[in-house]
């Protein structure tokens, strides 16, 4: 089956510092992919490049057989790649419903009439329908994270980039967000998930990509990656 | 300073909200029948011109959060375009349309380069642009340079004609502002004001949206400049392009209530009153008044008069019912 | 719990809750450290180690809990006052001033008034301890290598004659060979009588250099004990790689 | 255009650059430490001009001495403005519209103060020195510009000394590059910011006095110079003082040599177009470059 996304030798320099060095991998449609690595490994930089928030120095990004390298984030969203933010960024002056409406009207469907995904339905699906008319600033952290997901889903993405959706959440909240991710995957959306909380990522991903010092260190099933000596060394430090 | 646009269905009954403007419009339209003195009509005329410009600025600055110091450019260009076209035989309505389109063109020229900039840097660039245009216009001989430009009177001057033109334009401006506020375009503008990057991440094209808002705002401001030019029949760069005009256009929506539909209208009325009444008696204090008003609002109530009203009205109603 | 102040108890943090705005990151962390001890804090990144250190240094306010250092309650003191109690932080990512020279960065370490008079005396001491810094003294810090910047950051911390040095991820982003040098340096500093609270993602080296260790996970202390025992514990590996319990 | 004319223009540009540097450094300090774009800078330039003018007109104090006196007086004014107004707005490591509008309001108030106290007729400081010219071979140096250039250099030199040799100076430079790091070594950020704001306004006042020795002035004379300070800062660099010198020279040279091409009354428009150009070529100004370099992980 043709990959939904394939990136080839994506590199990013920031004033002499190599944030990313020749990273390549493919994502098959419908999977949940985990993207892990110690601090400063370049995970967030890579996610920002795929989302169009920043542009790569070199390398190519092909999405659904279209070369989208270097496109800005609004073009990526309209093409079907959308991201959530590590620290929730609600539109403070807008209500929860209006926040989601931005996604509905400006995402891939461009708010075309008769689309199934109207804002209220998405809020129910994500579980914050009861907060529809509340100002978005009054939400708890967990609910703000759900709003981030709802807003992103409103654009009807084929590839959803999750940036640490579970950080700062309590155990029960993490569990319910992970259930939501599986529900999104079942609905046909591929997910690339960056996360510090390894327990969360290992339990939900079917394939994990490990980054270190801006390079791809390893790739494989959660079990394979957890026992890979180079991954353990990168994380835990060389055994004495 | 994020905007203070009221979100969601506000508790106030929608009915009163919709009726109030129509009532106001009826009163204003019928006013001349009460044979008011020319001075009062002049005050109403100037205030209506300010209402249009204040609303226009708010579309870009209030809803979209792009604070510009350079709207005097569109006001001045609109005034000069209208004056030039009237002198070359164009009828007054068409000259207003010409004024608006020249202002839109100018908004593109200014906006294309500067909308890459964010917040304060955009504001500083607009100061630069407006000063540059003011200096150039003072030296353009075609329009009489610094000594100004006169409209040759072909028809007798009827003050009421101009009053109704200003009133019509103000009504158009309010309607446009309401339409924008509750439309997909308005939603995009507010999203950009709140968090431009997050808005772009959801598919909003910030650059194109800001250019569109800039053009819409410039069209209204240019037309208002045209209406004023036809009324004043004599314009000069130090007047229409003055830095003070750029300041006033910025102050009105901020005093009234930035990011709302009615804030800029209230701000324009307050400014009109202060400008005409207070300044007449204390001509040299107007900058002091506006400066301190701006400082007080920025420090204590960024939502302006509308913000203050929103805090007082519920308490008053509670006390009345209580 | 007897409130009697135990003389050689240098740092006592009780039930700290710390948050960035709405997002709470540290939940009820308690830790203590005696004079001259080296204690380490390990855990996967995102476990709240850096946040805890920044709270101890006063960069972020503590929402709940108490911090007692050298006998005085510093919970509500801002960072610039806390350093006067000779509690110094060497921050994650070093946070030097790139366009100031090595010497200026070190001198700033002795910024608080009582230390200024001895600044040059301490400067020579640091230069003897780290000759490489002496060679580079006129160079702007931005031009130093990662390892040299780390040494300079530690030097800046030592300029304040610290009783307790909070070291946040000193080996972050350094090549393995440099990591060993950094940990040897930590040993030398401890031997000179400076107590150290070391936060490191790199568990093995931290367990080697410290007497006792706190293991943190998603903002909580999940395990506490003597470092030798923890070296062999399987829990540490599990806490790190999220292997299902 | 003979070589001598060229040299004369170059000298004139250099002398002009000295004044532009002294005029802009006040803004750089305030922007560097607090990331505040001080629109009220124009107001203090104007007040500085009138301060030196009054000392000369009423008490016959030589303008140079007036400029020297302006430093402490405007330092205190600056500290009180920070205490009354600036400390009330939220701090951030990016310039905010709130600070821009607050200080814009202050500028309007100061400008109006000027009108009320001194009316809007143009004034000038005419001293015996104002007209004579020092002739060295083919090159002529208007003495008053030389004096002003000298005063500008000394004030910049003294600032350079303070910033590099004193504890306060190091603290200011540290805060400009990393304020959190400043906190953990014991820098009281709020107090240092207040003093830095005072120093910034002191330079604005003194530079206003220097400008008054060359140009005639009225209450709104600060505006055009404020914009030139923007140009110098955006082009030269918001974080470093060497940048101010570079920006000043570029502006002065471009302005001086444009006279050959453009009619004189378009000259003010050059600075403004340069400003817009500089802002666009360096989106988000030079600070944008700096931030892009900082945000890498």
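Letters are used for the chains, namely A, B, C and D, taken in the order the chains are written, and counting of residues starts over at 1 for each.
Throughout what follows, a contact is a pair of C-beta atoms (placed from the backbone, for glycine too) under 8 Å apart; a residue touches a chain by one contact, two chains touch by 3 or more.
All values derive from a computational prediction rather than experimental measurement.
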| item | value |
| --- | --- |
| Chain pair with the most C-beta contacts | B-D |
| Farthest chain relative to subunit B (centres taken as mean CA coordinates) | C |
| Chain whose Cα mean lies nearest the overall Cα mean | D |
| Rounded Å distance, subunit B centre to subunit C centre (Cα mean) | 56 |
| Whole-Å separation of chain centres (CA-atom averages), subunit A against subunit C | 33 |
| Subunit A and subunit D: spacing of chain centres that average the CA atoms, whole Å | 47 |
| Interface hub residues of subunit A, defined as touching at least two other chains | 39-40 |
| Interface residues, subunit A side, partner subunit B - complex | 51-53, 72-74, 77-78, 82-83, 85, 89, 91-95, 97-98, 101-103, 105-108, 110-111, 133, 135, 151-152, 154-155 |
| Touching residues on subunit C, where the partner in the complex is subunit A | 22-25, 44-46, 169, 172-173, 176, 179, 200-206, 208, 218, 231, 236-237, 240-244 |
| Touching residues (chain side subunit A, partner subunit C) in the complex | 38-40, 87, 140-141, 144, 164, 167-168, 196-203, 213, 226, 231-232, 235-240 |
| Residue ranges of subunit D touching subunit B (in the complex, touch as defined) | 37, 85, 88-89, 94-102, 104-113, 115-116, 220, 223-224, 227, 230, 234, 263, 265-266, 268-269, 272-273, 275-276, 279-280, 283-285, 288 |
| Contacting residues of subunit B [partner subunit D, same complex] | 1, 67, 113-114, 116-121, 123-125, 127-129, 131-132, 135-136, 138-139, 243, 247, 254, 284-288, 290-295, 298-299, 302 |
